[in-house]
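One structure is given below, represented as structure tokens, and several questions about it will come after.
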Amino acid sequence: MNMPKHRLDEQTIAMRVAREFQNGMYVNLGGGIPTLAANFVAEGREVVFHTENGGLGYGGIAATEEADWDMFNASFQPVTYAPGMSFFSHDEAFDMIRGGKIDLSVLGAMQVSEKGDLANWAIGNMADYNGDVVAWIRTGRFPPGIGGAMDLAAAAKKVIVAMKHVTNKNEPKIVRKCTYEITAPRCVSLIITDIAVIEVTPQGLVLKETAPGFTPEDVQAETEPILKIDPALKEIQL
Amino acid sequence: MNMPKHRLDEQTIAMRVAREFQNGMYVNLGGGIPTLAANFVAEGREVVFHTENGGLGYGGIAATEEADWDMFNASFQPVTYAPGMSFFSHDEAFDMIRGGKIDLSVLGAMQVSEKGDLANWAIGNMADYNGDVVAWIRTGRFPPGIGGAMDLAAAAKKVIVAMKHVTNKNEPKIVRKCTYEITAPRCVSLIITDIAVIEVTPQGLVLKETAPGFTPEDVQAETEPILKIDPALKEIQL
Amino acid sequence: MINKIVGSAREALADVFDGAVILCGGFGCVGGMPATLFRALAEVPARNLTLVGNAPVLGVRAQKAAARTMQVPDWFADGELLLKNGQVSKLIVSVPAMAIYRLEEPFPIVKALQAGQDIEVELVPQGTLAARMKAARAGIPAFYARPGTGTFLQKGREVRRFDGKDYLLEEAIRADFGIIWAHKGDRHGNLVYRGTSRSFNATVAGAARVTVAEVDEIVELGAIDPEAVATPGIWVDRIVRRAV
Amino acid sequence: MINKIVGSAREALADVFDGAVILCGGFGCVGGMPATLFRALAEVPARNLTLVGNAPVLGVRAQKAAARTMQVPDWFADGELLLKNGQVSKLIVSVPAMAIYRLEEPFPIVKALQAGQDIEVELVPQGTLAARMKAARAGIPAFYARPGTGTFLQKGREVRRFDGKDYLLEEAIRADFGIIWAHKGDRHGNLVYRGTSRSFNATVAGAARVTVAEVDEIVELGAIDPEAVATPGIWVDRIVRRAV
């Protein structure tokens, strides 16, 4: 008899992401699911959140009544003040990233390859537009915008992807080779989805954890590359 | 009958230097005679003094009783606070220099060539030590130290030299070709000394002003390259 | 006396010329966008402008959608006005439009291109964009950086290895004008910001030949703590009060 | 909880190893020299150290002469102690000694060389030195700069033309430790300075793998105005109180 399959909702994925936060880490959270993780830092741990637009040490996402348009993160969410916070220029914010001071970057993704290549800034491929970015934008279909993703993916000490396991059309997002434009090659080390936690290793993708009710075969069915199964495979722990 | 020759003292050279300060200029003053000019800004003009160690807008040289070891200029002189002052890092101080924001750099010099080459950081030449800087330092004879001179000479909008016209041994310091290691080639545009004001032009050195009692011949006698005489030659005005 | 305070934004930008390259402060949305200066630029006759910034042409409609609970007032503006006027011939940006927001109508750059405007777009990673501005300010003509290696951005570019890793040659962006917002400023041009709205404003300050700042408040010289000056006045050429 | 405060300078520098490259804060004289950390380094067994800084080995005697009316206390120290111990094998500095001051005895570096120590000296223009530290902090492996072109420094170096002018390729200085002074710091490592003593301290902060700061005063988290933080804590790894 099978347990009922239970896909994690976004908040729960974010809770699982937050388990990766070690005390003292400098963490940058990308837009979407990653930013939700700011609210789930474990008791007794202190983590410093970095935002590209020049802030370090914000508290969490601000409630409507606290929202201040001079206090927001790189996903345009209002954030709260916390003691120890600091503000600085955009260039300094990226010196921190490029200089390797961000311990953990959690990013959303459109695709992740089995080598850890990340595609998270464009839904499409330059080749489809003969390399003409203007032609692409003119179509109005998911106009590409790099933002800070390439900088983070290229330079953070560790890059984790947090995303739904498949697209809205049930196409796999964990793929052999990215078909969308990539953000950086071989940068992702851990993938956290609504059905699995997968580690990117030199030997390939290793399934470490599954959502309640999901067998390795279930996860494999939604994943393009072949998954290795960790001998210590377990249910996703929160 | 000749007027008595009157060499300007250091304070008076500095007064002449200060006549070059236009309202609103950002000015960096090197050690020695140049720093003295800070005290002679003309009435009605406002000049902002920049110091390499991260200060902008200091007032002047501090009196003994005001001396604070956290308020000093790049010549290790205590300076005073003035409204509008700011402090910043050393790298930002040199971004200002390299970025071309210093309108006027006044430097001391060991030698200036007729092309405007400046030698002001070493008394000697690398060739004398087979290019071995350690051998040079080991001698203990005027150990070389670059400081901020190369950065200023290479990047300030205008470089003025303020110095005694000749060495203590009465050797000319304005020379055809620098024998000492140079700071930057073709960077000096005006030379202010105790006996003359000389402009460096593409056509050569032009004598613009002389000290009281000094004829062009007197100045030429203490100057290695041939001087052109400005038709509007006049006595040094303070 | 030094007085960088100018009576109006239009006066401060009156010498913007055809073909000028303009660095834009602000992150692209909510606080910190130099709205008064964008509005003034839209009233200047200059055309064929190059706008350089993180996301200077999202438009107020998108900003309001993105800002959600943070209020974006109707007087707010960005480079959308210049696109509408047909004043823009090139964008050097990190985000020309946002794929994630569904608006009633297309983003301003999409509309402009669909209307047949001839606009070049250079996409730059956000941190590299900031560093290329900073390099210009620091008199550094070029530097090497890693973001973009192994992506479409590497195509046709100079790649160089340091310590076994590839880096791209990145050139400083040389600009004619920089427009920024700051919270407070004095007549010397010293600026302080507020919160995360500092961002690209502090980066743009000093990076162009002429930096124009719009400030919420003009204060007396000496009112800003010299230890807390975020942008020393040397980087700023003209100051105007924000016109709301 | 994050707590970067370390009980003593010796503890903060206990892992300095033979051959380590150490960036030195301070300008070379009077306020802003990390004297406590220099003294602690002199008690660490590590040898063959590379010291990088503007003028880190002038010695207290020269500093007192140069400082004139500004008091330099007897407890003050710099890299002279390390030279005396024979711990230094290389200097990357702008000013190894000052030609303009006549002292009773030679400058420390002159004495060390005359005593037969084998010390390499790399002379770097002050601003280029600061920029090479800043590049390391910013993850920029190399950049082009103009100072030094047309001088002895150009010899054997890569020269490249941009817009008709020559520039030298300058590489980031990769260092193991950075020692700095600051006025106040909190347990996250946020720092503020005082006056012109900020200088190279703010430049060195974050430029080495490990940054150790000595501060006049340790303050509660939140006591430093977030707008006035000069060095955000991310750049600082360890903090100790100045020991006078």
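Letters A, B, C and D mark the chains as written, and numbering starts fresh at 1 in each.
Heads up, the rule we're going with is that a residue touches a chain if its C-beta (ideal position, glycine included) is under 8 Å from a C-beta of that chain, and two chains touch if they have at least 3 such contacts.
Please read these numbers as outputs of a predicted model, since none were measured by experiment.
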From subunit C, the most remote chain by mean C-alpha position: B
Subunit A and subunit B: spacing of chain centres that average the CA atoms, whole Å: 56
Cα-centroid distance, subunit B relative to subunit D, in whole angstrom: 27
Mean-CA-position distance for subunit D and subunit C (Å): 34
Where subunit A touches two or more other chains, by residue: 87-88, 94-95, 97-98, 155
Numbers and ranges of subunit D residues touching at least 2 other chains: 131, 134, 138-140, 145-146, 193-195, 227, 230
Touch-based graph of the chains, sorted into line, ring, star, complete or other: other
Inter-chain touch pairs (all): A-C, A-D, B-C, B-D, C-D
Residue ranges of subunit B in contact with subunit D within the complex: 31, 51-55, 62, 64, 67-74, 76-79, 87-91, 93-95, 97-98, 122-123, 126, 131, 133-134, 137-138, 140, 142-151, 153-155, 181-186
Partner subunit A, residues of subunit C touching it in the complex: 27, 29-32, 54-55, 66-72, 93-100, 106-107, 109-110, 113-114, 119-121, 123-128, 130-131, 133-134, 145-153, 155, 183, 193-203, 230
Residues of subunit B touching subunit C in the complex: 23-24, 26, 44, 46, 48, 50, 56-57, 81, 83-88, 92, 94-101, 155
Residue ranges of subunit D in contact with subunit C within the complex: 131, 135, 138-146, 160, 162-163, 165, 167, 171, 192-195, 225, 227-228, 230
Complex interface listing, subunit C residues touching subunit B: 1-2, 134, 136-140, 186-188, 190, 206, 220-222, 226-227, 229, 232-235
